[in-house]
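The following blocks contain the structures, represented as structure tokens.
Next come two complexes, and both contain subunit A; in the first it sits with subunit B, in the second with subunit C.
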Partner chain A sequence: MRTKITFVLGLPLLALALAIPLFVTDSYILHSMAMVLFFAYMASSWNFVCGYVGQLSLGHSAFAGVAGYVTVLLFTQLGVTPWLGMLAGGASAALLSVPVGYATFRLKGPYFTLTTIAFAEILRIWLENTDDFLGIPLKGAQGLTVPPVGGSNFLAFQFDGKVPYYYIILAMLVGVMAATAVMERSRLGFYLKAIRGDRDGAEALGVDPTRYSLTALAISAFLTGLGGAYYAQLFRYINPERNMGIDLSIDMAIMTIVGGQGTILGPTLGALLLHPIGEMVRATIGGSFLGLHLILYGIMLMLAVIYFPKGIIVPLQRLLDGRKGKRAVTRGAVKADALEGKGQ
Partner chain B sequence: MDLLTLSFAVINGLLIGGIYGGVALGLSLIFGVMRVINFAHGSFLMLAMYCSYLLWATLGLHPYVSILATVPFLFVVGYFVQGVVISPLFKRERALVVEPTSALLLTAGVYLVVDNIVLMAFGPDVRSVAVDITYESIFVAGLPINLARLVGFLAAIVVAAALSFWLKHSEMGRAIRATAQNRDAASLSGINVQRVYNVTFGLGCAVLGLFGALLVPFFSITPNIGLSFGIKSFLVVVLGGIGSIPGSILGGLLLGVFESVASQFVTATSAAIFSFGLFIAILLLRPAGLMGRA
Partner chain C sequence: MSATRKILEVKGISKRFGGVQAVSTLSFHLNQGEILGLLGPNGAGKTTAFNMIAGAIRSDTGEILFEGRSLANLKPWDICRLGIARTFQLSKPFGGLTVLENVMVGSFVRTSAEAEARAEAEKVVDFLDMGAKAHTDADDLTAFDRRKLELGRALATRPRLLLMDEVVAGATPNEAGEMVHLVRKVRDLGITILIVEHVMKVIMGLSDRVIVLDYGKLIADGPPKDVVRQPDVLKAYFGERYVDARA
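Take a look at the complex of A and B:
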């Protein structure tokens, strides 16, 4: 069922996304579009573990921040190209995620969530108060800037217009969705769903919940890290507050939950719905009303939790099934209900 | 470090710790009765602090007088947040047990809305209330004790005792305890569970109305201080045992002393790292909390 909506809705969206830079030349709009794709990417990376294991992490921004710092520092200090730096950053994030995940995945529900916040906050507060660590200039709360090399330079990950940045994040988004699709069909995907459905039951059947949750978390942290490195490169600036603050984690979680967690397309739908709203509010009246877009995010989150606990992808799926006649609707609804019942 | 500095740190830690305990009372009560972790707990405290600040800045009311307004206001806010926002979740669940993550998400939505409404209304500036009591201290055995903190500490003890007494002996208190023990049986005995939930949530917030007003004389406020108080409250509740009122005060005292002594060795901002570290350590050693049942 899920595959269908992924293609029916996903392919036209992809075609549209590929074509947009051909018509849009305004660099502000292109930048905003790249940001939509960025949040879709981050939400999808978050979804990779949280959506499938059914645990709510609000510490993912730590992975983005660590990878961003690694990338920027490798470039500014050692001259390593950000392309390699991104991979190194992603690997550092994955490495960090293993002890964190080992400690936290034994916890349930709110305990897990609050512990992930605690981990991320420790890291952020430490960074904000550390100007120099073992000779590495971290510059605390002030953050790091990436000096411009001048003009477009592929190796330096710096481009004149916004178009290259746009296509890079689009390719990354397609990549994370493909990875999610492969994971869904793999042994790992089935194990994760089993763990989400009934952790003890899965364990009794020989699925090691810690091991598989950790595998998914490490991949998710790696992907989140790539996104965090991209974020730092796009702005050529990184600081602890914006690049690893709790707001970034909350954004990822909200977009995934509103869109539909545990689905391939859901996080992207959530980002497509929420980020433009936030951006428009900020661009029009946001100057005088700081934080208005977050109020809207909060309201959307509450509405989604109450009315669409499985995300807006569920009514879209029903709409799609509706065209195939009544029987499909009933079957779809029953299936959706069954999913809802045992989902958590 | 000499003994004098240390004893001063411990006394200060006990005072602020008592207040932490008082702030956490509502979280503990709400979780104990409804099994809902209120992510917006700290935001409600922040809201109370801004109410008190507003009354001081516009009408010149002393923060201690503004309690008369902040407590009922926060009760009403809590009552309606539960009645309007959270209760649909309870009604939806067939098994009548709220799946904890949904409730957490829902209250995370409340957190975003409340924090940002206040940010919109007051801006990100740091604000503080200057009243005489801020600078007054009494001396006990040669050690200065800040009067405003002492008042907060004593209030926490009194509120905890009064709440325990009320839960034991009043009609509503009995209904609340019955609902906490077994919601279905309470409902069968003629208790209006929805109303009990509304009152519990309102009460949990009303306590924050009190402590918000007691905190402003010596605590600068910004719109985003809620979250750290929320997390600290959760830590206090985990330390002292979920749903236990004396446990909440005890947990607060532990955290307060720990933080205060830790900040003698490192800067105050880095001391927050130690509270988070303590939080993680406790959850790792006892995943369901110090007193919790796994």
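Take a look at the complex of A and C:
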């Protein structure tokens, strides 16, 4: 069932996304569209582990930030192309995630969440207050800028218009969804869902929960890191607050939960719904009511939890099944244990 | 098949929870291919002993040998890989997965290929006679089907020893009959079975041999018919006065 909605809804969305730059030339709108895709990508990376294993991490921004810093520093200090820098950054995030995950995955529910927040915040505060670490110029809260090389330069990951950035993040989003689809059908995917459903039961069937949760976390951290590196390149600027603050983690989590945890398309649906709302509020009301978009996110989250606890993908799935007028779905759409019961 | 080959040897295991000695220096063994019933009144230490074999809790003393190999310090997933599967008193299927997918979680322990795991799981689902429900969400099953599904998940790991905790608890007489039939079918596959059960009638008809625990100690070991006549067993189940009255 899940694969079906991924294609039925996902392919037209992809076609639309591919075509948008042909019609839209306004660079602000294109930039906003790229940001929607960016958040869809980040939420999907978060979903890769959290959505399937049913644990709420609010520390994923640390992976994005670390990878962003690695990419920017490799480029500005050593002249390494950000394309390679991204991979190095993603790998650093994955490496970092293993000890963090090893310590936190034995905790459940709110304890796990609080520990991930603490981890990310410690790292952020340290970075904000460190100008120089072992000779590496981190420049604390001020952040790092990526000097323009002038014009479009593929190797330097710098482009004149917004279109290349748009297509890069679109390709990354398709990539993370493909990775999720492969994972869902693999042993790892089955094991993560088993751990989510009943940890003791999974253990008795030969599943080492720590090992498989950590594997998924490392992949998720790597993917999140790629996104963080992209974000730094898009703005040619990185600082601890923007690139690894808790807001980013919260966005990833809320978009996934509202869209549908533990599904391929859910996080993207969440980003498509929520990011434009946030963006419009910021653009229209702007500075006169700071944080209003977060209040709206909160309201959306509450509505989703009350009416679609397994994400807005569920009613869409029902619509799809209804239209075909087929047998009652035995599979019952998407039964991710999102916020309810075991999931939390 | 030689009935004398011991597949599992439990040697002097104990477990203390605070002030309660749940199991004290318990020793018994399972012969290859037999169905052994583990009996005892509530709180006798049956489930504790069971969990020590499955690796869910560690014993304070003694050792457990499976096919001659010590299970000391092994985690539940290691024990499963060695060839011991278990079911739980409360069956909790993996929600959001179908019956077939639940069973696949078990079969993935022997293969990492999805197609192979699926094929193996399909065989198990047929064995359970649950083919019609293969694509039903496991959350939508009846209590008894969940129990069968749990047995299926365990079988999919291809165990040589199966530990079953309370298989017919809450089942209707019909369902209990079906489960007894299934357990026999499992034994016919060559799988040795240790079964913990409250329902006397079930265990008497099913077991080749029974052992009885009381206050964490072994008080009887033998064929079902003989064991139920032993005064110690009657005392444990019905109390001292019942035994005296019969005498």
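What we mean here is this: the second predicted complex is superposed on the first by the 327 of 344 C-alpha atoms of A that agree within 3 Å, B and C clash if a C-alpha of one lies under 4 Å from a C-alpha of the other, contacts with A are read in each partner's own complex, and residues count from 1 in each chain.
Note that in this section contacts are C-beta pairs under 8 Å (C-beta built on N, C-alpha and C of every residue); 3 or more make two chains touch, one makes a residue touch a chain.
This one's a predicted model, so the numbers in the text were calculated from it and none came from an experiment.
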First (subunit B), second (subunit C), both or neither touched by A:202: second
Touching partner for A:295 - first (subunit B), second (subunit C), both, neither: first
Partner chain in contact with A:91 - subunit B first, subunit C second, else both or neither: neither
Contacts of A:262 with subunit B and subunit C, given as first, second, both or neither: second
Contacts of A:129 with subunit B and subunit C, given as first, second, both or neither: first
Partner chain(s) touched by A:306 [first = subunit B, second = subunit C, both, neither]: first
Subunit A residues touched by each partner, larger count belonging to subunit B or subunit C: B
Subunit B versus subunit C as contact partner of A:191, first or second or both or neither: second
Intersection of the subunit A residues that touch subunit B with those that touch subunit C: none
Subunit B to subunit A touching residues, read off their complex: 37, 85, 88-89, 92, 99-102, 104-106, 108-113, 115-117, 119-120, 123-124, 223, 227, 231, 234, 267, 269-270, 272-273, 276-277, 279-280, 283-284, 287-288
Subunit C partner contacts - residues on subunit A that touch it in the complex: 185-187, 190-191, 193-194, 196-198, 200-208, 262, 330-332, 334-337, 342
Interface residues, subunit A side, partner subunit B - complex: 54-56, 103, 106-111, 113-115, 117-119, 121-122, 125-126, 128-129, 246, 250, 253, 257, 289-292, 294-295, 297-299, 301-302, 305-306, 309, 344
Interface residues, subunit C side, partner subunit A - complex: 54, 56, 75-77, 80-81, 85-86, 88, 92-98, 101, 104-106, 108-109, 112, 114, 117, 135-137, 139-140, 150, 153-154, 156-157
